[in-house]
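What follows is a pair of complexes built around chain A, which joins chain B in one and chain C in the other.
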Partner chain A sequence: MMKKTHDSAIKSERRPRPALWQIICIVLFLFYMLLPIISTYVFSIAKRWDRTILPEGYTLDFYKRAFQVSYFGSTLRNSFILSLSTALVILIIIVPTVYWVHTRLTRAKPLLDVLMILPFGIPMVVLALSLVQIYNFPPIARSPFLLIGAMVVYAMPFMYRPVVNAMQAIDANTLTEAGQSLGANVFQVLMQIIIPNILPGILSGGLLVFSTVFAEYTLTSLIVGARFKTFPLLLVEYTRINGNVAATFSVISFTIAWLASILILWVGSKGQHTTADTIRVR
Partner chain B sequence: MAYLSLQNVSKKFSDVVAVNDFNLEIEKGSLVSFLGPSGCGKTTTLRMIAGFELLDAGTIMLDGSEIGNVPPNQRDIGMVFQSYALFPNMSVRDNIGFGLKMRNISKHEIENRVDQVLEMVRLQDTAKRYPHQLSGGQQQRIALARALAVQPRVLLLDEPLSALDAEVRVVLRGEIRRIQSELAITTVYVTHDQEEALSISDMVVVMNKGNIEQVGSPEEIYRSPKTRFVATFIGTANQFHGAVVGKDSILCDEIKLVANGLNNYSISQKVLVLVRPENIQVQTEPPLPHGGNVIEGKVETITFHGAVTRLGVNIGSQRVMADITVDNAQPISLNQKIWLVFSHEACQVMTETL
Partner chain C sequence: MIIKAKSRKARSAWLGLLPFLLFCLVFEIVPVLFLIRGSFIEKSSGALTIQHYVDLNHPLYINSFLNSIKLSGLTAFIGVVLGTFIGYAIYRWPSVHAREILTALSDVTTNFAGAPLAFAFVVVLGMNGVVTQFLLQYFQYKLYPDFSIYSFTGLIFAYVYFQLPLMVLLILPAFAGIKKEWQESSQSLGANTFQFWWNIGIPILMPSLIAGFTLLFANAFGAYATAYTLVQSNLALVTLQIGYMITGEVRQDVGVGMAMAVLSLIIMSLGIVIYQIATLRAHRWSKS
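Up next, the complex of A and B:
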């Protein structure tokens, strides 16, 4: 009797064979997700692809043309400047705030959690237009600075979550007190103890912010437009000029985003070692 | 004046009184334990000494100067936490050297001091490891080493052993006492474990509900508890409620007890008499009259505790605990009729508090 229940327990642990409908669902989902991306890649190297199922030939000419576009370098540079400075500003705001709220002002935590959801609830067109109307005086009006400000609001939640999670994984209060009892002031504690221990969270948050801002179109287009042309603006512009070149721009953008994602995964896997293994209180 | 002195220290958390008018003088180089159940205010008091909690009232003096308003990082007070609180991102060497680095001490000097304290806690070979590579006991030794490396004026230990298993706990508390005596460092040790407090302290402060119940040497605390709380919290004590009926006798229900030190009590005053189980002798034959206390009873429970066996004896009005040692010649069985014998000195008399 005992043996029978034991055997059936083992059987139920074995993974059942997926049903046909499950396989169909997965295939449809992958098809839906991957087809546009694969098509874009193929389109960027296709000679002509409007009369046949598969392209009539392949060429790297569009890449050559893309790299020769006069704005290519400057838009890429602008996008990097925008993404990196947004990530930096958010980092400087979020990390000390989260640390402070976790150690000194725990009552403010629910409020901060709500505040960090708000940006998702504001339509970007509304955000952009209201910022443009309020900050309508030089040198801020329609400047890259205003754009960075808007991006900071828009992308802050992407940094907030990973940093909060990392902060919760360490015993920030006790580590702070331990640091203080050894003679460190709060700034030294933050820089030498807290930040190194939440670094995986900061890095993945930073990369999320970077890739989000790098691909952003609406805010950029409405706030600065052609004054500070970024890579997504160039891409949209080229969809009207030459589809194949626009496809190569998309591929370049994808590649940058994917490199960032790989970096996130890599940092994340390293982070698991430092936060989960190391912090075994009790 | 004492080295570390707390005067009229009080602390409230919203409406809850955590520490109430706390007064204590701690001599230089001594180890003082704060002992009490959870929520008695012992950790809050410790955290006020460390500077992590602000005082609502009172003063804390260290070596002649007030430290109540000094930030924790300038008090020069070392602390060891229950959760070790080692910095996960730093090796053992860097953890121990952290406090020295904050004091801008030269690299060479830091190396030497770290080696010194590592030797003191007998973990020389772990210098390059990271906290997560160490056992709980090792982590707490490193935490102790880290606190001692900066040669603080006072060392505070906040339930340092409660996260460890029993065996490691006993070894480590001996180590803490050894190192503390070697360095003659003034130490405050917070614990809820009475055995721990009694075994390593010069002085024990028993606390309850934010108040000090009794301050004294471990022997005093154990042998002559001043309050009912201390008597029942430390060890086990049988309680007899009764009234004074003579210059040395007390009537508890039907039982007449003889005790010393009744001069301070008036006739018919209600008192509480405490007798520890280990001070009661168990006899299987009626004893000859000898002037001490004798109570007749029946064995109801027998519990084996290793070194002693504890009997629960029904004496009619209540159950009394009495300990017998393993080498007790006569075997005792359940429901057996026995006689409990104890001297005047075994009776601790105190005013009955309602």
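Up next, the complex of A and C:
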């Protein structure tokens, strides 16, 4: 008991306060970051807001109108399909490849790293142009499948990092040897040992891919356009037709992005199972 | 005999990489190579030519490149300077909880680029925007018509929005490389804060600052959606021009678009290479 009060006395004595310049910097930073977002949310429920600093009235009318937009359901559905398919394809391609390179082909890791940096060096418009030019024959010309291929290229670095980090944290080589010594083949080791242990990494990578693809506009509008209208396309269309409805679409976009970010943080905080965890005596 | 067995195993191991390599080839590498080749080919005759690159010597394309480079450079510079200050403010914030929240906020907001962000800025700085109204009513200051969110200057505000948090995220780990002991020992030798930063702090941070600048530059140079929503045909930008060639909004020989694309690739690759080198140099300090 005495030790506790002694410690807390030291703590309150020593707790530093932020400097004035820090407070000013952070306040301005928060203001700049949050004002556009909050304004959009308020704009979506504002009755009239072109003459005053605060809206002249509030209404949920625009949300009603948004749900009645003919393409509302189909674009949301398309976006979900696109995001889920991309995440799935990336999962199937990346996870086994990372495992393979990590355990059997460490020499190829630099090559893998370079290939994962490559998408950052290719602007999306350039990727779109090159894909549309070379695959200009039916059936894949300007098809959703071509779009998924482009999305996978664009989003795979986001899955790569978390999976590689998770793979290193669990010491996949030792686990593989242990599994194989008990008679499991590579596929069994991957499915029953490795993947369950790197699940937080896969989930946070997958969520990141999902939310990135969901909000993506450039590749979608340039490669497939109206043939496969996704939610961001509908949003841009409405910025020119009805600003208030466009605001409601923005709110929906932002909210889905927030939810995904929160999920990512929550999954990430659940921690990675390291070898140290598994062998620690409980 | 042993050598033979080893090479057989190594060769079959590379087979495991095949699906991934195939995918990259089909959707990434071959199309880009095809693009580069196409930029040197005359569409109707199939002959090799550099005419497309010569055609780039046209006011529209020259302006596009100038505008894109100016926009990227400006927003990268602003992002680096402000981001470093804000990053340091976060780094030295006493509460761990607050630091985590601010870092998470940066993580989220840097991915907000695109149409929703552009639209949000119209709500804030548009003709009837929140800030526009505020300046009019409280400061009697008419933002319009000298300023417009649908312009180069307006685009700067929107771009800085996602450049800032990106720099914050990049620079935060770099501060850990500046040991507190160095600050204390420089103080004991009589240096003031400014001298410390000028002679020790900034040189150590320099690789990270350069890495940040090039990444922010590449980020802005390749951006499309935000610009498309805000300025469209009011401003000539490289990404927008290439976009018009794809959608066919511009009746132009695709070869020119390909030449523009190849030039963009060169600029971006340069940026990525500089970024990689700078990051490797930066790691030198954080490792010690």
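The rule we apply is simple: the second predicted complex is superposed on the first by the 255 of 282 C-alpha atoms of A that agree within 3 Å, B and C clash if a C-alpha of one lies under 4 Å from a C-alpha of the other, contacts with A are read in each partner's own complex, and residues count from 1 in each chain.
As a working rule, contacts are C-beta pairs under 8 Å (C-beta built on N, C-alpha and C of every residue); 3 or more make two chains touch, one makes a residue touch a chain.
Remember, predicted model here, so these are calculated numbers, not experimental data.
Once chain A of one complex is fitted onto chain A of the other, the partner contacts of A:T97 are limited to chain C, with no touch recorded for chain B.
Contact with neither chain B nor chain C is seen for A:Y63 once the two complexes are overlaid on the shared chain. Comparing chain B with chain C, the partner in contact with more residues of chain A is C.
When the two complexes are overlaid on their common chain A, residue A:A108 makes contact with chain C while staying clear of chain B.
Using the contact criterion defined above for the overlaid structures, shared-chain residue A:F80 touches neither chain B nor chain C, since it reaches no partner.
By the document's definition of touching, of the two partners only chain C reaches A:C25; chain B does not.
Legend: residue contacts after superposition of the two complexes on their common chain; A:S39 is shown touching chain C, with no touch to chain B. By the touch criterion defined above, A:G179 lies against chain B but remains apart from chain C after alignment on the C-alpha atoms of chain A. With the contact threshold set out at the top, not one residue of chain A is in contact with chain B in one structure and with chain C in the other.
Remark: chain A residues 15-19, 21-22, 25-26, 29-30, 32-33, 35-37, 39-40, 43, 49-53, 93-94, 96-97, 100-101, 104-105, 108, 115, 117-135, 149-150, 152-153, 211-212, 215-218, 221-222, 225, 232, 235-236, 239, 243, 246-247, 249-250, 253-254, 257-258, 261, 265 touch chain C in the complex.
Residue ranges on chain A touching chain B, taken from their complex, read 170-171, 174-175, 177-185, 188, 192-193, 196-197, 274-275, 277-282.
Those residues of chain C that touch chain A in the shared complex are 13-14, 16-17, 19-20, 23-24, 26-28, 30-32, 34-35, 38, 85-86, 89-90, 92-94, 102, 104-105, 107-109, 111-112, 114-124, 128-131, 133-134, 137, 161, 164-165, 218, 221-222, 224-225, 228-229, 239, 242-243, 245-247, 254, 257-258, 261, 264-265, 268-269, 271-272, 276.
On the chain B side of its complex with chain A, the touching residues are 50-52, 71-74, 76-79, 81, 83-89, 98-99, 102-103, 130-132, 136, 146-147, 150, 156, 163.
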